[in-house]
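Okay, here's the structure, questions in a sec.
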Amino acid sequence: MIEVRIHGRGGQGNVVAAYLLATAAINEGWHAQAFPAFGAERRGAPVVAFVRLNHTPIKRRSQVLAPDYLIIQDEALMNVPSITDGLKSGGNILLNAANSRDQYPTENNVDNSNLITLPATHLAQQYLGRPVPNTALLSAFLKLTDLLPHSSLIQSLEERFTGAVLEKNIALIEAAAETIPANLWKQNANA
Amino acid sequence: MKLTRGGFAYPGTTLGYKTGTWRIQHPEHAHWRAPCHAACPAGEDPQAYLAALDEGNPRDAWEILIKVNPLPAITGRVCPHPCEAGCNRGQYDEPLAIHSIERHLGDEAIAHQWLYPVNKPSEKAPHVAVVGAGPAGLSAAYHLVRQGIQVTIFDEMSEPGGTLFTIPDYRLPRQVVRSEIERLLDTGITLQSNHKLGRNIHLQELQQDYAAIFLGPGVMKSREWSVDGVTPNDLHEGLHLLKRWSDVSSVPDMKSAAVIGGGNTAIDIARILKRNGVDTHIVIHSSLPDPKNPSEDDMRAIPREIEQALEEGVQIHDHHGIKRLILRGEKLTGIEIVRMRKLRNAAGRLHRVAFEGTESILHVDQVIPAIGQVIEATGMENLLNGSSWFKVNEWGQIAGKDNIYAGGDAIEGNGGTVTEAIGNGRIAAEAIAANLNKNELPTFNKAEPISFTSLNMEYFEPAPRVEEAILPVEERVGEAEIESGLTGREAAREANRCFACGNCLRCDNCWTLCPDSAVLKTDEVAFDGSYYVFDYDYCKGCGLCASECPTGYIRMLDE
Amino acid sequence: MKTNKRAVTADMLVHLRKNQPRFEGIESGHRACLGCGEALAARLVTEAAGPEVMIANATGCLEIFTTPWPESAWRLPWMHSLFENTGAIAAGMEAALKAQGKPTKVLAFGGDGATFDIGFQALSGMLERGHNVLYVCFDNEAYMNTGIQRSSSTPHAAMTTTSPPGSERMGKRHLKKNILTIVAAHQIPYAATTSVAYASDLRKKVRRAMEIEGPTFLQIHSPCPLGWGHDSAHSIKVARLAVQTGLFPVIELERSELIGSMPIRHPRPVTDYLKLQQRFRHLFNKDDARAVEELAHIQALADHNIKHYCLDGEGMDALDSDGADTVRRGGMRWA
Amino acid sequence: MLKALEGSQAIAQTVALCRPQVVAAYPITPQTHIVENIAKLVADGKMDCELVSVESEFSAASLVLGAASAGSRTYTASASQGILLMSEVLYNIAGLRVPMVLTCANRAISAPLSIWNDQQDSMAVRDAGWIQLYCADNQEAVDTTIQAYRIAEATELPVMVCMDGFTLTHTLEPIDIPEQDMVDSYLPPFNFKRALDPANPTSVGTLVSPDFYSEARHSHHHALLDAADEIIAADNDWKQLSGRSAGGLLSVDGPDDARIGILTLGSVFGTLSEARDEYTELPPTKLIKLRSYRPFPVDALRHACAGLTELIVLERAISPGYGGIVSAEVQMALSGKPDMPRIHSFAVGLGGRDIPLDIYRKLHAAIKVPEPRAFSIIDVEPEKLPVEDHGIESANTDSNQQRSIS
């Protein structure tokens, strides 16, 4: 079972990101589960959502305490001390950050071995006109892990969005995928 | 019993629970006499015929009326209508114009030739003699016929009507009198005109030939009059003048006259004289009536007649009496009058007091006494025993005479109105019939009429009384009738003003306002003149219906 | 006088009752007190509304006295749920009938407690959502079912068991809530007051409301002999005086605008109304300055109503406070 | 076909399949998504009903009561404070024997305010006279919702479908939404025999005197007991059609020879089930999933407990001053049974406290005592207790330490 924890702020589409990922998986015949760490938070507050992906039915309802992956939608959240709590040894972090994956660890004095950055907000502004980084990050996540085909994300987007929003998001995820190396985390996925 | 699922209930099932058991008092329909009914000397129940008229049935109204009074076109014109004085509506806005409606119904009957619903008596029926074809005699004859009794009227005059023909045309057209009397006689009454008691016929004969006798001779003899024993030699007394006017439509030559008296005869004479260019005065001890403040000292004439006389220029010197006749030789040149007042003495009785120093002279060349009449006793001396009137019991039976009854002006205590005479005639007829048929004598409803305070005025609206059109003074010449009567529409509108005191107005108030639906509306089952029945199974006795009955027709009684 | 008390047979009565020339929504045998204004008002409403209705009835006297299982006084589909949810029950009925395509009109019945107080929210919701419901408030100005406690409809200075007069109090300290204006502020098509003393006005307003598609509201002043302390025979008289003094304005509002009122022909002094009722008896102690002041206050309230709602009559009017209850022979006026 | 659906979304679609004519909606977390989704279906013309957005839960319940009484199939949903606010109406609906379905998105009760999941809300209206069915996952919630209409309308009792708030309502997972034809063939059109009708004007909601109130209660109680058969039948019939059972009155999962049982209501079942797979070193354990809490399936429970020596009753609510609510009933249900297991009563996951797999291990540890301890909240953290109230929480902590502080 693969467990993902998505961190973000209210309004960044954190739960939607989790739902999109799980939907993509289910559409590919996986068993999946996505749910928010339910809160009363308002727009801007830190929020968390969880995704479980498995090839057999998932029965547990507990929160993801030891994720395989973290997707962090806001660079500033890295300052929250507990943000990486429970990340499995060998687990990876996908971070929405303006700096490149090379620059970020240096400037922020963190280990870069398991961290990939994506300027998702920048890309979202460019393609959507709005700072909603979630789909770009999902696209990058799939590219990195090769868990699910890129088309599955498009399909799950199609189930949720229509018209210009859908088209712009598809363009965004295409662009996001291009900036990310393929299959970098694939071994973890198969672990 | 089985519970229903969820405890639902079927419709209207509270009917199984008799809330009437809660009751400590219950409502009843209580027919009370309306004050108009109680006040009518003829015994009419005006609210009853007003109700029929209000419902749009004038003929029904007339038939209700003529059950009591066969001559409504006459009484509607000449009655002083005590009914209106009693009318509770007078305490709200203005009394009903009952006399106008009575007249209207009478006129309608004449115009449409409605007949009394009366069958001619069988020839085997008992036969009663009636003496006098005036209002009392005619009424007695009519009511006897209604009871199936044969009647022969003996009258000294050539034409029936008696005193009715002493009333001037402008008040009571002769044609009206003739129409009603003709219709009355047509019920099968035998009339023997020109039969004067004591001359053509005798009491003993009548006693032999008839099962009973009713005497309605009237009072056709003027009272003696003088001032300290003095009378002018050319004195005309009132009744005589009226008869002359009735017969030949003329009055003796005179320039000015003082009529003495305050009754209808005095007013009639004064107005006739006025119509003939005579400067006319009335001198009377009593007071001019004040409709707002009626008193026992008021002139006895009908107020509206007094009012019309004043309009026509008759001068009325009320609270005055004659102190002295001023004669030049035996010819009158004037009268000295003095201001008087009826005052109560220490014993509480009224007596007249003349106020010294209030004397004045009235220059008139005639003085006409109209102070009342008395019975002409010829042929009835044995019954009168020297009295001026017959002494009768409440059924009109002359004391000590089983089969002899009397009514009208000739009986003691009579008010001297046509209406009262009609009432006397009816009561006597009913008593005669009861005796002849060996039935119980009729009883009298002496209950107090329903008072104004027993009514609920919230349910009525002020509405102006309908007044008959009155000829302008300048057109009041000759015999032209002064009051024109009501149109059908006016009469109906007026009838609608009736409170129906003490009777069911069928207004639905009780039916509408009963919180327990314990008043049921019905045409078929109700009685006592109501249109509703109480369902005592459910009536809780709250009294709302009685409180809100507009006419006082419902009262609460303890269980 | 002869009594007709037992002159009519039981069979005749049964037949008669079945053939009354009006629709009787509430049958006899209910357990209302003697002279109950609410029982009368409710019957008049059902009479005018006719049989094609469904009723939601709040907890209260009306509910209790009409439906002691296994009996019911109602001849209409009727439901009592709770005290405070009548607006919502009625709204649900209406939604269901709408969904089923049925033309049945929904009526909601509540007392003043159920309407002014505890059920106010559900009423407001029903009005705001535009349900096609005629809500009728039988206003007897206190919680009568529980034994006369003050409600927000209880008039100023009235005595109830929870607003008793005493050395520190002169009955209810607060004013009667102006529910009609509040209700009308929902911009509903029709909101009116009427009084059980004016049955034809009441029925006319019910018929008017029945014709309107949308929420309508009728507040019916309904005296409670027990709670107000007046003779059971005087329920109508007392109700009429409430109108004639100006203390209970009879008005009509459409979309919150005053569009009609019953003018008062001859305004009566409020004491005429108050003195008939035990709930105001503490105001008639002439030695008590507070009583004198409260009477003046109540008169001022009446005067204010007359001015505020333009109740001053201009002469005689067939529909004014004196004319509106006029009767005629044959009962046509009540039709 | 399995679709990725959020629980609330699945419930909304399922409700639409049941063709309610009147739906009352009022927002309360975590139920809100259900009525939002219904509103969207209505707005998009995919659901034909009178959707009434009321002004309170009290009115929501009242409105569906009015509508059902007037002959319409209805639906509403609520949670937590909303359930408590409508509690008076819930009793009323049941007492009037009006069939309807309500979803309770289970949530804790204030105070302190908590928007998160436990089952205190539905437990608080345990005695309202409703059928209560608890769902372990969203598929069960879907299937139970459909069955609930059939059960309600067959028994003339209202049914509360309880699904854990957030844990199920906000969780997206693969769910099969049945075809409309299948639901139509399973669920006949609403035909409420006692519906109000001008042509047959009955009076509903009467005053019942002491002479008959006991009978009303008795019949209501027995109607609920008798409803067990319909609950089983409805589930069996649905299984025939869909191939899925939603769990009957209760279901048992685990080896027949297990001596330890854990009884749960709702979604914690799945977590324990996976934990059991994970902690293989622990003794064989039966998991008893109590679906029908009302009616309480005494016989089925006694049967399910055959062979057990230890029964853990794990609940998501508490009766303060007593402890376990369900456990008390289980105790009574099993009393007199010759081989009655020891009963251990715990609450867990109150107010949204996460229930990790580890709880399974803790439970096994907690029952290794000479005598079953009194009820405790198993995941309470004593060090967090307020100073003033420290002495209260003694069952789950070292008593000596407690004393020394107090």
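By written order: A, B, C and D. Residues from 1 in each chain.
Simple rule for what comes next: a residue touches a chain if its C-beta (ideal position, glycine included) is under 8 Å from a C-beta of that chain, and two chains touch if they have at least 3 such contacts.
Here the structure is a predicted model, which means the values were calculated and not measured.
More contacting C-beta pairs link the chains of C-D than the other of the two pairs B-D and C-D.
Averaged C-alpha coordinates give centres for chain B and chain D that are 92 Å from one another. If you average the CA atoms of chain C and of chain D, the two centres end up 44 Å from each other.
Note: centroid distance chain A to chain B, computed from Cα atoms, is 113 Å. Separating the CA-averaged centres of chain B and chain C is a span of 49 Å. Counting only residues that touch two or more partner chains, chain B has 1, 7, 9-11. In chain D, 96, 201-206, 208, 212 are the positions where the chain touches two or more neighbouring chains simultaneously. Residue positions 66-70, 72, 74-76 of chain C are each in touch with at least two other chains. The full set of touching chain pairs reads A-D, B-C, B-D, C-D. Touching chain D in their complex are the following residues of chain C: 51-54, 56-57, 63-64, 66-70, 72, 74-82, 84-85, 87-100, 104, 121-122, 124-125, 128-129. In the complex of the two chains, the chain C residues touching chain B come out as 1-8, 10, 12-13, 16-17, 20-21, 24, 26-32, 34-37, 39-40, 43-44, 66-76, 199, 225, 231-237, 240, 316, 318, 322-323, 325-331, 333-334. Listed in rising order, the residues of chain D touching chain A in the complex are 2-4, 6, 29-30, 115-117, 137, 164, 166-168, 170-174, 267-271, 273-275, 352, 354-357. On the chain A side of its complex with chain D, the touching residues are 15, 18-19, 22-23, 25-27, 31-36, 38, 40, 58-63, 65, 156, 159. Residue ranges of chain B in contact with chain D, taken from their complex: 1, 3, 5-11.
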